[in-house]
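Dropping a structure here in structure tokens format, bear with me for questions.
In order of appearance the chains are A, B, C and D, and numbering begins at 1 in each one.
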Amino acid sequence: MATTLLKLSCPDRVGLLARISNFVAAHGGNLEEVHQFTDQSEGWFFARLAVETQTLNVDLEAIKATFRPLAAELEADWSIRSAETKPRVVLMVSKLGHCLADLLWRWRSGELSFDIPCVISNHETYRDLVEREGLPFFHMPVTPETKADAFDRMDAIWREMRADLVVLARYMQVVPMDLCAKWPNRIINIHHSFLPSFVGANPYQRAHQRGVKLIGATCHYATESLDEGPIIEQEVTRVEHFHSEADLLRLGRDCERLALARGLRYHLADRVLVRGNRTIVFRD
Amino acid sequence: MATTLLKLSCPDRVGLLARISNFVAAHGGNLEEVHQFTDQSEGWFFARLAVETQTLNVDLEAIKATFRPLAAELEADWSIRSAETKPRVVLMVSKLGHCLADLLWRWRSGELSFDIPCVISNHETYRDLVEREGLPFFHMPVTPETKADAFDRMDAIWREMRADLVVLARYMQVVPMDLCAKWPNRIINIHHSFLPSFVGANPYQRAHQRGVKLIGATCHYATESLDEGPIIEQEVTRVEHFHSEADLLRLGRDCERLALARGLRYHLADRVLVRGNRTIVFRD
Amino acid sequence: MATTLLKLSCPDRVGLLARISNFVAAHGGNLEEVHQFTDQSEGWFFARLAVETQTLNVDLEAIKATFRPLAAELEADWSIRSAETKPRVVLMVSKLGHCLADLLWRWRSGELSFDIPCVISNHETYRDLVEREGLPFFHMPVTPETKADAFDRMDAIWREMRADLVVLARYMQVVPMDLCAKWPNRIINIHHSFLPSFVGANPYQRAHQRGVKLIGATCHYATESLDEGPIIEQEVTRVEHFHSEADLLRLGRDCERLALARGLRYHLADRVLVRGNRTIVFRD
Amino acid sequence: MATTLLKLSCPDRVGLLARISNFVAAHGGNLEEVHQFTDQSEGWFFARLAVETQTLNVDLEAIKATFRPLAAELEADWSIRSAETKPRVVLMVSKLGHCLADLLWRWRSGELSFDIPCVISNHETYRDLVEREGLPFFHMPVTPETKADAFDRMDAIWREMRADLVVLARYMQVVPMDLCAKWPNRIINIHHSFLPSFVGANPYQRAHQRGVKLIGATCHYATESLDEGPIIEQEVTRVEHFHSEADLLRLGRDCERLALARGLRYHLADRVLVRGNRTIVFRD
């Protein structure tokens, strides 16, 4: 059963939900799922409506055209798309492949619905893993000297591949600020700590030294400020005194896998709305 | 800021959300919070709308009167009430007072908003605890011989006290089936296991014998079937081989406190809707 | 750094820990890690000692020979082995491959240390997944008519493969009672519910119908009683009213992966001791 | 059944566990519970032994005298005490009483075993709550001008009360560095964030602004560095976009209650050993 997704955020006003649901009803749309949130302190309205496509009496382009003037009046950020159109996601990885392997499984088994135009790495480590899935693997080394050039080429490839999203699946190079700025809310990173704890390098080592009793991972949009982008999802697990730093790395991997897979899932289904540095996540 | 709460459930149909939000908008109502859920498999619609009272251009009785014909047309179960009207909750307890003490604190500190017309117990254990809060304490012993009579009197007291809700806060007598039937979705119980595991007596003992690695507690509506009513909230905690049965009782107490306090909170704010044996819980 | 593992359980008595640690010290053994637990109610003692192999002044066979009379005196169940000897684990799967894929990754990346002599399935679904890892894949169909024969052959293969352990990684056939009895504490199953809730078939469907607020998975030893063997590990996750049965299956998969991977990890490192229907798990 | 507790930490060496368990066995001591941990990277040994008092063939003073030379040889930090001797704990609170009320219940119900010589507050808010428990309540206002004096008097009272431990149960004044230094590992604080996230003031406000998806609380020893002392216990809970800052405060209270109650429990039973800025916690 096909679904049409309407996502929008705009300044709050009286009667907003009525207007939007009237709009859908006026086109015969049967609502499968509705999420709505009003941030009272900011006076901002967020919504996601999943409409049964076959009940709509107009096609996708027509409904977008009809919604445009209403959206303009509401000063809304919005999108309408078919849930069946798979987003194109470029995966980036370095030498730790657990998140990559996890995403490949969820992709291949159909748990997550997206296309993978290519996997890019600054190492050759996972070429086989990727190619045996029938996916293109690009090795793009990054050195301090070549970094600027390498990321320019990366940007070019992402565009060439018509990527809707880039996932840094334990990609251990810091993406340059200007590149993040060019792909706003379109680069997802998994950070191996429970942010804002342990921003930056070696979070597990620092967690071990600090003697914390819980460690975690954070799935967030990459922005110009390192590890400070909008958080989509976090996961934690308990640790004890007998866990060495190596144990923390091991236990943390499961947090990373889960936080990234869930964060990606929400993004792919248009369940994440961003306002400033906060996310509204209409979970499923 | 005063709030008016509209809660309803009814058969699903196209345009339902539009009609309800139009209704609110037509009376000038500004929506503070909206929850909506459609159970696709059952074809049933559930909603809770929190409306800023001062924006409404009619009073509570008038809006109820206006909504009545619409509700009838929609074949809806519904209620409209002022969020500031505190529900009247009778607390029942036996010899384990941790849930009672927890609820009394949350009540006195204002974390939970309700009135306590009285506390009833089949033991004298907590008379002091209750009376020093300035609350009436009724000792109503229950023996196998007097049980039927005792619960008839209980029912009478509940009605006399104009109770909106009865909370079995570790009340260790089984409430008779017919009494449960007379107070549908108005008796909340905390069961000391993770239902449906360990229905019935001595769940911690049985959990220990079974060697489970997690124990829990379940907050549910009491129905005619013991421990089988609609579940509102559950909580679990990890246990290990070194935890004795006494440890399980201790650890379980925190699960019980949390599950009951949260379940009660949701109920008090009209956030729980029941359909068959399942609950829709619009959490806050 | 090589490690020698001593695991034992026996009736408790005064001075037991002293005798065992004296035994290790007498052979020069430096203790890396010691776990000890006394079940006071049963009067039973459990221990696991990890000894730095290079500090021992005798070899593995000699230390076993020396320990034998002491163990006999203590009436102990015991084992001494090199931690570097990888257990041989046969994996069994049916049509749901998420646990299999997860274990293959943890095996290949070295997170879990074991050998896989073969993977057996009653379906062809995962032949490619397995063979591309360079592992033998055996398709052994099971029908009601052939079931007895099939499991006789299974048993033969397990023995032929010198399996130390069999893992039912979402293998959807019930292993016959007599076969479980022949492989005591050597068959690990992942059950897709939070046992003892939802023993038997279709646990997610029943969890959905019951309206529970948490679902889970249980890693346990298979015994003659279905889903009633000693529990090694459990994992749970929250669900809400908006999660369909399909959502429960999806969310449950992550519980299954985690509970099985952890349970297997503990078993492989001799961290699980069984007494009756309970496990002592010295986690790492 | 009375218990004698031996707690020690010392440099690791071969045969250490044998020597200590021999010591206990030599005095006829039956071990109820043994915990041992060797920090391999630091070469440090930690142990806690619970011995059945009635099986010891000498009294407490005698066993301490006998252990002294061994401890000296091992260069150990150590203590031997009767588990039945209740530690004396001064509770400190400001205007938020949820942790205080929680501890008072656990104390009165016997869940936690300690004596309360007095409760001290910089406000009068909880005088009644404390005095109706029959406990002395001291109001000690703290202003910027009087702070130094006030804490000198606090120190005097703590000593006068023969306090073994001071618990800052949401006491909102920063204890001066020198006072922390005088009471090493004898002042327990509950910080209302998941440290090291949000060190300092207003952690919930900052958590809300950062848009984290989990909040928490940390129970730790107060040291000369604000919020940087050894962590004993932490607790977290999930939050979502619809949770306001006020919701975070509410949800956080349950984290604070649990983390503090558990941390205190471990400390009271000599289950916490400190080395540098890390704790070894032998949980029960």
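Keep this in mind: a contact is a pair of C-beta atoms (placed from the backbone, for glycine too) under 8 Å apart; a residue touches a chain by one contact, two chains touch by 3 or more.
This is a predicted model, so every value here is computed, not measured.
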Review point. Between A-D and A-B, which chain pair is linked by more C-beta pairs in contact?
Key: A-D
Review point. For chain C superposed on chain D via Cα atoms, how large is the rotation, as a multiple of 5°?
Key: 180
Review point. When chain B touches chain D, do the two copies use mostly the same residue numbers, with over half shared, or different ones?
Key: same
Point to revise | Farthest chain relative to chain B (centres taken as mean CA coordinates) | key: C
Review point. How big is the gap, in whole Å, between where the Cα atoms of chain A centre and where those of chain B centre?
Key: 37
Point to revise | Centre distance in Å when chain A and chain D are each reduced to the mean of their C-alpha atoms | key: 41
Check your understanding: Mind pulling the chain B residues that touch 2 or more other chains?
Key -> 33, 40, 242
Practice item. Quick one: which bits of chain C touch chain B in the complex? Just the residue numbers, please. Key: 37, 39-41, 194-198, 209-214, 216, 230-234, 236, 240-242, 244, 277-281, 283
Review point. Which part of chain B faces chain A closely enough to touch in the complex?
Key: 14-18, 21-22, 24-25, 28-34, 36, 38, 40, 55, 238
**Study point:** Contacting residues of chain D [partner chain B, same complex]
**Key:** 33, 97-98, 101-102, 105, 109, 111, 132, 242-243, 247, 250, 253-254, 258, 261, 284
